[in-house]
């Protein structure tokens, strides 16, 4: 049953753990080039150490030295049958003598090789997968903030007049970042200017919300400022409506009918040098009151269709950065 | 071999033609595999409805071929995509045909998947031992719909853009992970400069690769498990006989006894 | 009695024997059918592509029998585009319109599609009988018919769902035509269309019924409703006990001036319903 093959001192290199350490060293060295020279130095040391051990191991035969003790070598059981003389270098599990009374089974070499293959394969897979997955996923979640957008002089916004204002959120990205806001100058409250600035994306599923009322296209004003084309069209809406699934909002952005899960998103704004600047968008669960006196229940920006209050919001416990 | 006195010239030609086939067979066994695929037995009573699967495969091949060619002219960039679609449709020679075939082939592919699924359902062909193949088929249907969804954005016209906005945000309402899926698909908080190339990569490489692999598995299982007879066929392969044992086909006994034996059973 | 697994195995064994004894080779008989079907498929695709192309024009507005070649270039800031999905997502699109309450949104977007997918994946595990003949699978057949019917209805409803499009001149022309509106009502009709009245009211099949608002196609044929009545009503619905409809009269804080209200009232009074 047992073909006896391989003379003692065969030329097949003995399996060794050193290459694994060598590979880890190389990985640390590479990581170090990004993370810092201390880590790179550590990696270099590990690489050199394991590289030396590996070479020493592999050249044992050439140097004519006795093979060092192999960790996997099983001791020959005293009562092992004569036909099953164990030969660690090239025998599989099948070749092992059945454990007899009192004999402790040692970790067999083939199992070690199997596990090592799986392990090394896993390491290779990880080395490829981790950067690739990171590259695919992480950029979508990092550095997503955008700067402030100048949409015109405060004087361009007549009091109590809605202006459909279209602008580029990020002129570097171009037309793909075109956004529309419904802006109404509420006048001043306690000496502070007040604006109602609603984002035109429906909070149901992101469709473009339309003003319910006459749009005076012929009175549009255009302005180009810092490579940003801005269009302002006066409109007299009695509310806003979404043409996809029939969501309805009032002029403060509160949901009146249909599936929207919260009030319309709003833009933060600031005024610098007489210019109106739009900042980040934020989500709103409810607005009480009107215009300058409105009391807004503000939340972090959420995706369309995501509840920000009430029991349904428990479905979305964490939100992406 | 058994042919009637073929001319020696013809024999020579045939032998010459077989040389490459033999060469290939000796080194790969491929010819044998193809032979097995072609000459495997299928039930004698199979029906036209059972061609829907291969018709779906044909539609997929049409999509793959036309898609590869379209990729030679299409530019996955928000500033250039629409212009390249206009150019393909109106200017490039036969571009209208290739784009038209890809556009309408997508609809045909999806219709055929549903028809094929309906056929399998009506034939009860998802039952033992073909459960796994049904599941693979459902996976193909889901991937096919996702392929349609990712391809829909690429023309970058109004319809494409806003349908994609809604489609992406539908995923966003999934509990817990939804908002993350949205941001992953869009490669940002909103559809931006990277979204279209991301959809393009999914549409061109990831999904077709996955679909192709699953089609291979699907076909392997079809060949391995065999094709079902129509359930109403009196000669259906594997139909129940009164006495289990060697087939007693031809004496008509099974057909006569079966209804009576089962008449009380349905309720 | 043998176990179900044994019976299934025996049946598959029988199937294999039957096919071996009485089957026919896949090539050429069966493959011929497959090839003919594939030819049909390719011809249909080419025919669709040709009809689509040759009946449409370079301009996005020149839609042919199978729709336009493309619509206008994507505009992320549009305020007058009405998004619609491709036809095979119409069922989902209409499903989303059915769930018109905020807390039910998730049912249409994720809930029902997930349940359908799970039912499909699980089908071979809850239909464990060996029976394949249709007449002996009443549950399966009824379920199949219901699924096909509901998908068909949803797809049809999705395909024919119309929506108010602000400033859509063709819709207004269609109304003038079908409702025999006098010229004086045309301005009001345009205003009606622009002002978003169709977000809640249906007019000749266009628009959506929200907040219990009535269909206004024949509002003018109801007794006792004069232009003056409509002017006052639209200006301030509160005085008529309507607390749902927005206030439109400028005097009451709305967005329409007296002349616009008058035009709107002319249009409503002239709306006598089709025919």
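Some observations on this one:
A, B and C label the chains in the order they appear, each numbered from 1.
By our rule, a residue touches a chain if its C-beta (ideal position, glycine included) is under 8 Å from a C-beta of that chain, and two chains touch if they have at least 3 such contacts.
Since the model is a prediction, treat every value here as computed from it, not as a measurement.
Chain centres here are means of the Cα atoms, and by that rule the chain farthest away from subunit C is A.
The interface with the largest number of contacting C-beta pairs joins chains B-C. The distance from the centre of subunit A to the centre of subunit B, each centre being the mean of the chain's C-alpha atoms, comes to 33 Å.
In terms of their C-alpha centroids, the spacing between subunit A and subunit C amounts to 36 Å. Here the CA centre of subunit B is 28 Å from the CA centre of subunit C.
Chain contacts: subunit B has residues 78, 162, 165-166, 170, 173, 175, 178, 190-191 touching two or more partner chains. Within subunit A, residues 175-177, 205, 207-208, 244, 305, 315 each touch two or more of the remaining chains. Looking at subunit C, one finds that residues 74-76, 78, 81, 83, 96, 105-106, 109 touch two or more other chains.
Subunit A makes touch with subunit B in their complex at residues 136-137, 139-141, 144, 169, 173-177, 205-208, 244, 301-306, 315-320.
If you check the complex, the residues on subunit C that touch subunit A are 74-83, 96-97, 99-106, 109, 163-167, 191, 194-197, 199-200, 208, 210-211, 246-248, 254-256, 260. Against subunit C, the residues of subunit B that register as touching in their complex are 37-44, 46, 48, 50-52, 54-55, 58-59, 62, 78, 82, 85-86, 89-90, 96-97, 99-101, 103-105, 107-108, 110-112, 118, 121-131, 134-135, 138, 141-142, 145, 148-149, 152, 155-163, 165-167, 170, 173-175, 178, 190-191, 226-228, 231-232, 235-241, 244, 246-247, 249, 266.
Per the touch definition, subunit B reaches subunit A in the complex via residues 78-79, 162, 165-166, 168-170, 172-173, 175-176, 178-180, 182-184, 186-195.
Interface residues of subunit C facing subunit B in the complex, by the touch rule stated above, are 8, 10-12, 14-27, 30-31, 33-34, 36-38, 40-42, 44-46, 48-50, 52-53, 58, 60, 66, 69-76, 78, 81, 83-89, 92, 96, 105-106, 109-110, 117, 120-121, 123-125, 127-134, 136-137, 140, 144, 148.
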